[in-house]
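Shared chain: subunit A. Partners: subunit B in the first complex, subunit C in the second.
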Partner chain A sequence: MPVQLVAPDWSLLVPPLVVLGTILVLLAADLVLPRERQAGLTVVALLGLAVSLVSLLAIDWTAGASTFGGMYRADSFSLFVSLVALVAGILSILVSAGYVESGIEPGGMALAEYLSLLLFSVLGTMLVGAAGDLLMIFLGIEMSSLAVYALTAFARRRLTSIEGALKYFLLGAFATAIFLYGIAWVYGLTGSIMLDDIAGALRDIVQGDAPVEASLLLALLLLAVGLGFKVAAVPFHMWTPDAYQGAPTPVSAYMSVVPKVAGFAAMARVLVQGLSPLSEQWLLLIAILAFITMVYGNVVAIAQRDVKRMLGYSSIGHTGYMLAGLAAFTSLQPGDRSVGSMLFYLFAYAFMNIGAFGVVAWLQERGQGVDLEDFQGLAARSPLAAIAMTIFMLSLMGMPPLIGFYAKYYVILALIEAGLLWLAVAIVIMSAVSAFFYLRVVAVMYFNEPAGAWQPARTPLLGAGLAVMALGNLALGLFSGPVLDLAQRWALAFA
Partner chain B sequence: MAIEVLIFYLLAGVAIAAAAGVVLARNPVHSAVSLVLSFINVAAIYVVLRAEFLAVAQIIVYTGAIIVLVLFVLMLVQQQDLPEFHGGRPLRRAVGFLLGLALLAEVAAAILTRSLRGAPGSWTPEAVAAVGGNIQAIGRELYSAYMLPIQATALLLLAATIGALFLARPELVEERLAVARRLFTISLAHPRGVDTLQPVAELPAPQDGQLKPAGGDRSLVMARTAEEFTEQPAWGESRR
Partner chain C sequence: MEWIADWLFIIPLAPLVAAAVNFLLGRWWIRDRAHWIAVPAVGISFLASIPAFLAVAQHHEPLSQHLYTWIPAGDFQVPVTLYVDQLTAVMLLVVTGVGFLVHLYSIGYMHGDPGYHRFFAYLPLFVFSMLMLVLASNFLVLFVFWEAVGLCSYLLIGFWFRRRSAADAAKKAFIVNRVGDFGFGVGVMLIFVTLGTLNYAEVFERVGTLSAGTVTAIALLLFTGAVGKSAQVPLFVWLPDAMEGPTPVSALIHAATMVTAGIFMVARAHPIFVASPTAMLVVAIVGALTAFIAATIAVTQYDIKRVVAYSTVSQLGYMAIALGTGAWIAAIFHLFTHAFFKALLFLGSGSVMHGLHDELDMRRMGGLKRYMPLTYWTFLIGAAANAGILPLAGFWSKDEIIVGAWVAGYPVIALIALAAAFFTSLYMFRAVFMTFHGEERFDREHLHPHDPSWTMSVPLVILAVGAAVAGFVGVPPEQGWFHHLLEPVFEGTEHHEVSLATTLTFGVVSTLVALAGLYAAAAAYVFRSVSPAAVAERLGPLYRLAHNKWYFDDIYQRFIVEPARASAVFLWRQIDVGVIDAAVNGVASLVVWTSQLWRRAQTGLVANYVLAIALGTVIIVGAYLVAGSSLFR
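Then we have the complex of A and B:
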């Protein structure tokens, strides 16, 4: 058998390659530059991500081309995942801009390593979005979460940071093993790891009303559990609050979005593209997961005083809403809104949640803590920061005309079209419950007197980032049409 | 054919029993040794499947490198320093046990009722022999069809290395140098050093006419700071 070396189409890989090149530049600069002259690396990382974002324009994503024997797919789904990952990466770097050098974390954080690990995670997420087989999905997910395990522990002298990272790492490794076992089962049953081939084989196997084999259900269960860990769905959420609370604040901001994007992209690729013939089986599973996740996250968030922990639980709640979008899947026809609504939610979530964590980091750089008390009287001290936080809170709550409202609206629309009215009602009720803890932050900012010492600080990049996100919440909410259209093209990619 | 099946069951049985031993053994070293046994049996299964290269790689990488690493960690980490991993309340344990049993039953049901079988790949024994053996076959597959996963794995390991190096590095290098300068002001055979690491007051009083205490190991001559080093009187001077 001769070796078949087909030259891969590298032009399709330009966006991830730009990110990789930026990582290498950062690592080389770390070798050459002394530590005190490394502040410019933040700009290098931002530029790299921006160039990668622009290079998305150069590829014709509607053609659905693939290379490396179908393992890398440049289709409209991977376009949107790359878009969200890059935008969230840029916003996270803006949030982390002064924080890393500021000395908030005892012992400091190494900037070059921080940025390169963050970019590795973005790169992994882009690879998941573009994966055409289970192996690339696995590698991408691992790259995106492995870097974040290390980032969580970046405040090495703070015990909570180490604790959060250890829990995240051990449970994440456990989830990886479960996911791999699921891949092994799928491979054994269908004879392929390529998603399209799996779907084809399953279409032949699952016919009519005949009961599905137990082995297929086991494979499905293992894959769903493994990915459930990665997106922090209840009951696989145990690591989430500790990791979010313990990690340095910009890392919390980052890991609430991008590894979640990787997890949801993998879910869509595996369940919708690969296992769509089994959709009758997994739809109910995802719907139930979505329900308990949104209820648990929102109810437990009420009791939190630590704002980072509260945002951790609220992110569990939002995972529930995104899962609900996936549960609305009906068919691979272009009219189906399910995956599109989930993708749009992830996009919106990047602007809301990174913004909220950004304000926490902004306060920390002014000598404040992360408790609810530290937000007291923020409106009197800095009206702009208070307005930004208010926008983020209202958007997370789902107040029109902010982007958070439209994200929920599209999910609810998809659910109603799929006939899952009970889940749509649950989202509305849980949004009302979430108003309690989101509005409490707003109330504390506006109606309490300032307390505690205040150290003025100059954080231009963070300020710019917060402004971009606050305006993004308004503008992208009002003009959500183009982004939503882009998200709705997912069906073309999977068909 | 039958003898191969028999050997497979034997190897698989020992591998599973050894894997159970890894989890059940109280002593971590016993766990590590059980792991060796399990790995070797898996390697033997690869031989039965005629994947000799994988078998050798399994022995070298897992039984060799990884087990040595595990034993190193066991040797370096003081076991009494490890945090206590508590097993949870009895009710929680019972629920966990039942869930584990349910999962086991599910796996058993999946294995026993399985009728599906994926289509075999193109690498039949004849095809492998035609290219000259399974090393050649694996090499061809890895560096043609699986090029992208190989590169992605390399990047994954690079990310892991950077993270591990950052976390394992004791302090930033400059800080570490400063600490080293502060702490390790050593004077070997300096006339005015402290004789042991123990504080002077705790040493047994010298006998008459004897400058140094009888017995006791003479460890490294060391002072914590440069000031301490110069101010510290030579042993015995203060006693006179």
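Then we have the complex of A and C:
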């Protein structure tokens, strides 16, 4: 096949390029500025992400343009993934501000490296969202993951941090291998790695009710397992609690959201865009994974005393809800809500979960630990922090009118429309179970007396971040319509 | 004036912002300056309402502004759209106008209260909710803000929550309203189930497709909500107790605006009611009973605020009569004039209380005319307007309601309304004479009553002017400017022609009735030619019936509250502790046990984790290959 060299359309790449540029500025600054004068870099990183967020507006996403021979797509799906990744990135940096420079982690953390790694991961996630072929997806996921492995180990004098990172890395490498193996099979069977071409080829191969080739099934399952690891679906979730608990708290906040966004974006791209002709084969698998994942995550979270670990298991539970959104897929018609409800859930999840980890970090900066006992009497010590944590817990639980309620509501709606009533019922029951461990935090904050020493600290950026997220949970719940509209345009991208 | 359509959002937004600011910053920073936020905000709302009113008054075209879609769920769309037609425009002026005056009055009245900032957070929040209620364009938004004004009412009745009676009154208002709201909620659901939409325009368009029984059910359920909110028989018992709240609250919420929400809602939903003659009849009868019962109770009360409160209940009854007899415009006209004179009467009573250190009992007042001339004259105008003395506002609107009932073919209801008008005049002037005339029965050693400061006087004067002249917008009867304004809203409803002779006859009769009430009050409390005690003695059981509020509270206590408490205790001791708690605890310990068990799977060893992934993969692939492929077939 003759290769045509066409000049890439760089204008479509402005948002990721802005992030890349910011990373380069951060790395250069790290070389020039001494460690103690780097505090302003947080603002630089925030500004970079904000500019990238604004630059999203400049691109016409409805046209579904692509460049680099179709590898990079600027469509409504990539717009939303970029939006979530950037917003989550900004919120995570607000949560990290102060924590990184403080002496909480033995030996301290290098701010410039920290920020640039975090931005690399955001960049990788944006690329997954915009990927037009399997190779881009693979590269994006790896860029996102590798940065997070390093971030997990960022408290390098604390053994649990290193242990979590090592487990995450080893298992991640294993899953990556499985995923790559799946890509190889797909390429072998369809002759292409472009998602649209794969879908086209599969439409010819899969016809009528005839049984599907075993080789195709194998390819499909390998891809699903590889991505299942990235989103921490049971039984590929084992790394999650250890990594969340071990990582520095702001990193836990970040890794509970953005790599998940990358994983789910990849799932949607691969399964819905590329393998939609095989949807009859993968829908049941996703539905069952969703069910086991939500049950396991929510039930085991009950037994946790360490709040970070509890949030780790709870995030497995939420993975289950998001998978359920994907399992509601019926067709690529614009009326289908499945992928949209999943995307909306991810957006909502950023505001709830980063907020919850943020309050943990806030306590740590005031000399507290991360156990349930450390939340005792928080309402008496700081009513505002307690209110914020209560909002996050209620939102994670799915209490109206907070955004967490609407996220679950839209997933349930999609499930009912797809006829998966049993999964919808499971979500409702699991929400009730989750009340047990979320409300326990609230109860401890309000009904117990404060105990232990308290070191006042000034954390303006973190405070502002928590306020933004707490109000966001409320406001975005009441005004969820526009965001949902945007998320529901996903089908235009895949059609 | 069309430009206002894009700026409608200002009207509810301004008080909302004020409420938010005073909530968030009031306690720490704003404190005694809270009125600097709240009063201008409501003023802005009022100023923004004027062009909206003028726009719909001039062009007869409703305005609407779509804000956003609250619930976009397939066919179930709930848009938050601000909608202003002539009916809403009138309500906007009433709510923001009276609201502004009451805010102004509260500066002086609430001065020095430790909860000052809290008061000026709740009050604008109420104004916001009430504005959204009248601006709603579908039943769900209406319902949400229907509940929101109920919440504000609860918060403000119980404003002095450390006082037991205030906390109890707040709870009573909330619970009694719950009965009505339950019916209202079911009504809204029934609309959605049968018509598949909640937007006013679509609902009213499709009413014709429903069976007669369904329409009647919907109308009656909606009216149940109005019975609670607008204090009709038998749910009116909460409103007199609601006087435990600060007096400006009584004036704004429990006289001029919130309690008229039920009347507004029925007028808004008139296509549903018109479709059901049965429901209309029920509305008219309930209204007549309310007007009469409350008027008789008011004659026997000694607490000045309670007299005015029962008067409110009675006047709401008049409005319901108008609704039930199809005199839609008369109902809104009375709502409009009532807002002026009733707010005035409450603020006037507040002024009296202010001068007498929170004295409420009229038996310990008297002769205040000398000390508080401004309060006296304004209160007198309000009382005369309420009593329906020509040419004050209340005369025009009340007379129209009585005529309306007569020509619509309900002579009995018209006569009951006339009888109630006699009592209205009697209790109103009884209150005036007992408070301002006669001997000075208060403690002259320690109390030095005087007229209040300007922030409190100005609203009194403005409202008094309104109570005097507001009725002229509806003159001549049935043909006034107000009627032409509202005609487009009630287009297509049946209209009864009223002959000039009928109008004049009723004008004369109701004037005579009002003067009779005035004479009776004067005879008893000024000339002392009749002894009230002797009359009460003579009437015996009838007097006791009225004095004891027709025993409504006692009946509820005996037949609802006590049995409910007894069954609650039974359910708590036997069912709740014995069965439910045991079951819940059982499930909880089962889950915790499972959780502890599964948790052991997390060994912490990487090798085990890898094994889990590998096993998971093998199981999934194996299951698929066995079940789904051609390999094994």
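Going forward, the second predicted complex is superposed on the first by the 492 of 495 C-alpha atoms of A that agree within 3 Å, B and C clash if a C-alpha of one lies under 4 Å from a C-alpha of the other, contacts with A are read in each partner's own complex, and residues count from 1 in each chain.
Just so we're on the same page, contacts are C-beta pairs under 8 Å (C-beta built on N, C-alpha and C of every residue); 3 or more make two chains touch, one makes a residue touch a chain.
Because the structure is a prediction, the values reported are computed rather than measured.
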For A:481, using the defined touch cut-off, is the partner it touches subunit B, subunit C, both, or neither? Pick first, second, both or neither. second
Can A:190 be said to touch subunit B (first), subunit C (second), both, or neither? first
I'd like to know which partner A:413 touches here: subunit B for first, subunit C for second, both or neither. second
Which partner does A:285 contact after superposing on A: first (subunit B), second (subunit C), both, neither? second
Counting residues of subunit A touched by each partner, does subunit B or subunit C come out ahead? B
First (subunit B), second (subunit C), both or neither touched by A:135: first
For A:213 in the superposed arrangement: first (subunit B), second (subunit C), both or neither? both
For A:300, is the partner it touches subunit B (first), subunit C (second), both, or none of the two (neither)? second
Once the shared chain is lined up, is A:123 touching subunit B (first), subunit C (second), both, or neither of them? first
Classify the contacts of A:153 with the two partner chains as first (subunit B alone), second (subunit C alone), both, or neither. first
Subunit B and subunit C footprints on subunit A meet at residues 213-214, 217-218, 221
Inside the complex, what are the residues of subunit C that reach subunit A? 68-74, 588, 591-592, 594-596, 598-599, 602, 604, 606, 608-610, 612-613, 615-617, 620-621, 624-625, 628-631, 633
Taking the complex as given, what residues does subunit B use to touch subunit A? 106-107, 109-111, 113-122, 127, 130-131, 140, 144-149, 152-153, 155-156, 158-160, 162-167, 171-172, 174
Residues on subunit A engaged by subunit B in the complex (per definition of touch): 1, 3-6, 8, 20, 27, 35, 68-69, 71-72, 107-108, 110, 113, 116-117, 120-121, 123-124, 127, 135-136, 139-140, 142-143, 146-147, 149-151, 153-154, 156, 185, 187-192, 201, 205, 213-219, 221
Mind listing the subunit A positions that touch subunit C in their complex? 166-167, 170-171, 174-175, 178, 210-214, 217-218, 221-222, 224-225, 229, 235-236, 238-239, 241-242, 281, 285, 296, 299-303, 413, 417, 433, 436, 478-479, 481-482, 484-485
